[in-house]
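Each of the two complexes below includes subunit A, the first together with subunit B, the second together with subunit C.
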Partner chain A sequence: MSLQRRLTPYVFAAPAVAIMVIGLFYPVVEALRLSFYEVRLGEPISPQAFRGLTIFLEAVQDPSVRDSMAVTLEFSVIVVTLEMVLGVGLALVLEAPIRGMTVLRTLFVLPMMIAPICVGLIWRYMFDVNVGPINGWLSILDLKPAWLAEPGLAFFAICVTDIWQFTPFVFVLALAGLQGLDRSAIEAARIDGASAWQTIVYVKLPLLAPILMITLLMRVIDALRGLEVVYAMTNGGPGLSTELFSLHIYKSAFVTQRMGYSAALSVCLLIVTTALSALLLTRTSPLRRLAR
Partner chain B sequence: MRISRRNALGTVLGAGFAAACPAYISRAAGTRWASLKGQSIVVNWPSHPHYDVAKTLIPEFTAATGIKVELDEMQYLRMKDAQVLEMSKPQGDYDVIVYVIMWKTEYVRRNFLTELAPLFANDELAMPNYDASDIITAYYEGLGLVGGPRGYLPGPGAKLYGIPYGAECSVMAYRKDIFAKYGLTPPKTYDDMLHAAHVVKEKERGMGGLTQRAQAGHQVTAGWLYHLSPYEGQVIDDRFEPRVADPAAIKATEVYKEFIDTGPLGGAAFDFGQCINSFLQGQSAMYCDSISIFGPARDPSKSKVTETVGYVVHPKANRYSGELGGFGLAIPRNSARREAAFAFLQWMTAAQQDVRVTAQGGQPTRWSTLDHPDVKKIYPVDVYRECLRISNPDWRPIINEWTEISEKVLGVRLSEIITGKSEIKPTMAVAAGEIKQIMTRAGYYKT
Partner chain C sequence: MTVTSLSQDRIAHTGRFSALLILACLSILPILVMLSTSLKTQRQIFNSDSSFFIVPTFENYRNVLEGRFLGYLTNSVLVSIVSTLVTLVLGTMCAYAMSRFSFAARSPIAVGTLLLRTIPPAVLAIPLYFILTPLRLEGLTGLTISYVALNLPFTIWLLYGFIEQIPTELEEAATIDGCGPYRLFFTLILPLLKPGLAAAAIFTFRIAWNELVLASILTNRASRTLPFGVYLFITDVGIDWGQLMAAGTLVALPPLIFTFVAARQIIMGLTAGAVKG
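Showing the complex of A and B:
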């Protein structure tokens, strides 16, 4: 193959790579550089402000950092698990081409289209103790929980909100995956006498696994970075019961105005997210499976 | 929709001034600021009841002076981020900012603001009839002066960097009908308040005693501060040592929690809007917070209790001591249009405009506004004067580190206390330790 032909793919990829370098790698590298300095909002980075790894040490030793990471991990495990179960379940139910399915699919996808900050505001009022419709319905049973005023209930509320918003994401990807499955395998299972449940468990889900793993990976990354909904609903309270890590970083940056410390926290989150992603990718190899 | 006499009177008053003022303002401003005509200024503006009313006057300012005004409106706690970023630049986009009182010291220390005295001394820019001595003294000193004792109190070294606008003190509002129903007297002391809160909570179905701010962060700290000062508590002392674990602060916290427990349902998560609406919608019998309630309380589109609200001064615990807070207008040092900005600042806070804004539900800035006969008819001026008299300029420490202390220390620990997650004394001891760390990091204890 001539040199020109070998270089052609790289030439075509070069603009995209350049945009990625400028738009992605440069900010990340700058954030990493900032994380070694004690810098306040609005101040330039000066050599006198260099603190090296002591900022990371301070972050790791801060109990509120560990608390918010624990809340974030708990939140991510719960919402991602339920979203995967509900999303795949909905896709399996709505896979069949029955009348009105297009309308139903459109309706199910709508929550994903709403800006997260609006979702937070909507559900804040849904859960309002006095005027919210949820308590309006529960008042029939003489119940009126103070959803956002009690730590456990507030955590439940943000989980419900996230599941409402992002189950459609899993649903859309799972549905697309199901519609792209090799029908011959499903037909063969039917001919062999497999029940509907057996077909799902032993044929469809294994074939769908690579797509589900990528979906899982994307949801895990997003859940770890969640900010807007909890900012609008609870501002991290009561106490620190709903303070997700991204909100903790936001407050460090714009409340305490410690930009270097916030950058260090961001790097910590990046490390955690990368580690979890690498774990998922190496254990499941979804891209390799899709390539087969 | 039923229109009350008070609303009709307020509307007529506002309309009358609207008709009379432009001509006067135009004559006063037309020649003095002629060179500024055609300029545009950008003002960072909060979403707040007072400023919602004040906004309606801006077209008249433009008509009178030829200076166009562009508002960058946002939620008031989020203004600081935008302001700090803009004022850090060599030349910023904001020509006027609205600041919250707790930011003034930091802004001056970081050399963000223009000192106003030289501008007022400039005969070519200053309105001859402005009369700064007419500005309510507590507001002028609390919102405008920086550099005095402790960095933020009036006294030697203090200089003028802002003009109060939307400033506030605290007042006690109560439901006259509910109090009459249960034979309660208008609260004069904290014992009266607590007794009334318990009675209402036990006997009036669907109603709580005292509504308060309590959402985690800035709001819960603000709600707690309303009780700290009357019990003679402090956040930090003159040596900048934390005092939040002292007996006075512990007592204030106990009282705050008791009000939460006897308050409206869900009160432990209320922000200011929910706090005030709880009272205006008839879900709480008492409100003890900013005087910004005066306007909405008599507006039938916002209040279900327009005819049944009584006002008394913030009750006494160990002493009478109320809030001093709110907003002020300032000119960033890096503004390219400081003269036009100064014209805007003067015009908005001039006597005529102050009366008009107050008549439409805003908050007064001047003594003359309180003395105005038509304002006296619709505003509880006597109570307001008492509230001003007891307002405490040291209600909270206005230091650079206050936002961090308020939102990340007290805003978390107090929220844990009022939601029952932790006990008061050990938690406030933890808070004191965290405040000490912040003050140490900031260099307050260097010898």
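Showing the complex of A and C:
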């Protein structure tokens, strides 16, 4: 094989790889490096600022970090569980082909397509204590809860928002999965006299399991990554009641102005999302074959 | 089939349809609330008899577009379009190399791409600031580079699936006819990839158009893009809901239009990771 022929794939791949190295890989390395230094925004990194692992230790002992980790854990478990149950449940009930489904499915994906910042602002308005439509409807019952000003209610509000935005994601994926199932297994179960419920539990769900696992992992990773919606709705408040970890990292960069500290926190998040991503990688992908 | 079971079928069908319709309404109701609020005056908003039916006013839009908003809009359009085009070209080239050539760097690229796909923007923001500022690349150029990097993994991975479906016989025939690998790629492969490119373009554009975290750190007053511009409508003295919702509607509009125009590609893009596997 000529040299020119052997170089061809590198010519094709090089530009993309170069950009990913600059924009993704190198920043990750830089975040790791920064996390060992005590630097402020605008300062260069100097050897005198080296602190080793002390910044990490300080970060994990910080009560506000622990609080926000707890909020994140609670938030992701609640929303992802409810989204999976609702999305898959609805898909199972509403599976049969129906006229006009294409249009309805388009409406379902709209909440996922618009900017997260818009989603946050829309729901900030929906839950507004004075002008919000939700309190407008509740005024019939003479109720006027201060949704975004009370810790429990604010947490409830961000959960509702996430469930509104992403249940359709689970629904659309589960629906696509159901429609791709091998009909013969379902037909066999029906002939053997299985009830609709038995067919779901013993045939459909097991066949659907791989897709559901991937959907679940994608949802968890996204729940850990996103911060814009909450940033716009509550900015983490009141107190730290809705301070997701990703939002805490983002705010710490501005509030504390300590870049090393913020980087140390981001490395913690990165470890979790990368581990989940690696798990996802073992489950799926058209590139799986290559990755071996 | 008996008459009763037929009518039962019809009832079940109607029931399913109504359920789906209610769900669809729940999905779009908050978006409609944003739209209707953007068409109200401040007084109508505070007299919240929560009615949808008002005489619409475009006052909010006029006010929004009079400020700095137009500059943010220009920046957003520029960054989104350039980063989408660059991502598509580079991503397709890389996916083509991975699909059609066997080379030493293939595995590392595949694994790297898949792992970097889920990196949180909050992790990237600060290091990118440290990397790009000394190179004088903060602002729109740096932001565009970041968005290309952010979008490449998904694009490569989506288009790889499409390229795999093109039979290699076509390329073999063209090669025998004396067509070199680069001409082959641009004249034969790229045109065949239109559906995949459309899906990738929508997702890439959407990320660049909607992104807030990197934009808020890498841009300044002159290079600010829309999402952060919208956020700035929230001030300490209070919120002008009408203007905020008008700004929000303007930002939400392009993705909404894309979704209606290319619903099929979007569903494909959403399900590509899980369902095709």
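By definition in this document, the second predicted complex is superposed on the first by the 247 of 292 C-alpha atoms of A that agree within 3 Å, B and C clash if a C-alpha of one lies under 4 Å from a C-alpha of the other, contacts with A are read in each partner's own complex, and residues count from 1 in each chain.
Note that in this section contacts are C-beta pairs under 8 Å (C-beta built on N, C-alpha and C of every residue); 3 or more make two chains touch, one makes a residue touch a chain.
Every value quoted in this text rests on a predicted model; they were computed, and no experiment measured them.
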Contacts of A:Ser64 with subunit B and subunit C, given as first, second, both or neither: first
Partner chain(s) touched by A:Thr256 [first = subunit B, second = subunit C, both, neither]: first
Partner chain in contact with A:Gly193 - subunit B first, subunit C second, else both or neither: neither
Touching partner for A:Asn130 - first (subunit B), second (subunit C), both, neither: both
Partner chain(s) touched by A:Leu281 [first = subunit B, second = subunit C, both, neither]: second
Touching partner for A:Thr234 - first (subunit B), second (subunit C), both, neither: first
Touching partner for A:Glu150 - first (subunit B), second (subunit C), both, neither: first
Touched partner set for A:Glu30, first subunit B, second subunit C, both or neither: second
Which superposed partner A:Ile122 touches (first subunit B, second subunit C, both, neither): second
Larger contact residue set on subunit A - subunit B or subunit C: C
Intersection of the subunit A residues that touch subunit B with those that touch subunit C: 41, 128, 130
Of all residues in subunit A, those that touch subunit C in their complex: 6, 8-13, 15-17, 19-20, 22-28, 30-31, 34, 41, 45, 90, 93-94, 96, 98-102, 104-118, 121-123, 125-126, 128, 130-133, 136-137, 164, 168-169, 172-173, 176-177, 180, 210-211, 214-215, 218, 221, 224-225, 227-228, 231-232, 246-247, 249-250, 253, 259, 262-263, 266-267, 269-270, 273-274, 276-278, 280-281, 284-287, 290-292
Residue numbers on subunit B that touch subunit A, as the complex places them: 80-81, 84-85, 87-88, 110, 214-217, 220, 264-269, 278, 281, 283, 403-404, 407-408, 411-413, 415-416, 418-419, 421-422
Residue ranges of subunit A in contact with subunit B within the complex: 41-43, 64, 128-130, 144, 146-151, 154, 234-241, 251, 254-257
In the complex with subunit A, residue positions of subunit C that touch it: 12-13, 16-17, 19-21, 23-24, 26-28, 30-31, 33-34, 37, 45-46, 48-50, 90-91, 93-94, 96-98, 100-101, 103, 105-107, 109-131, 145-146, 148-150, 152-153, 156-157, 160-161, 164, 181-182, 185, 206, 209-210, 212-213, 217, 226-228, 230-231, 234, 241, 244-245, 248, 251-252, 255-256, 258-260, 263-264, 266-267, 270-271, 273-277
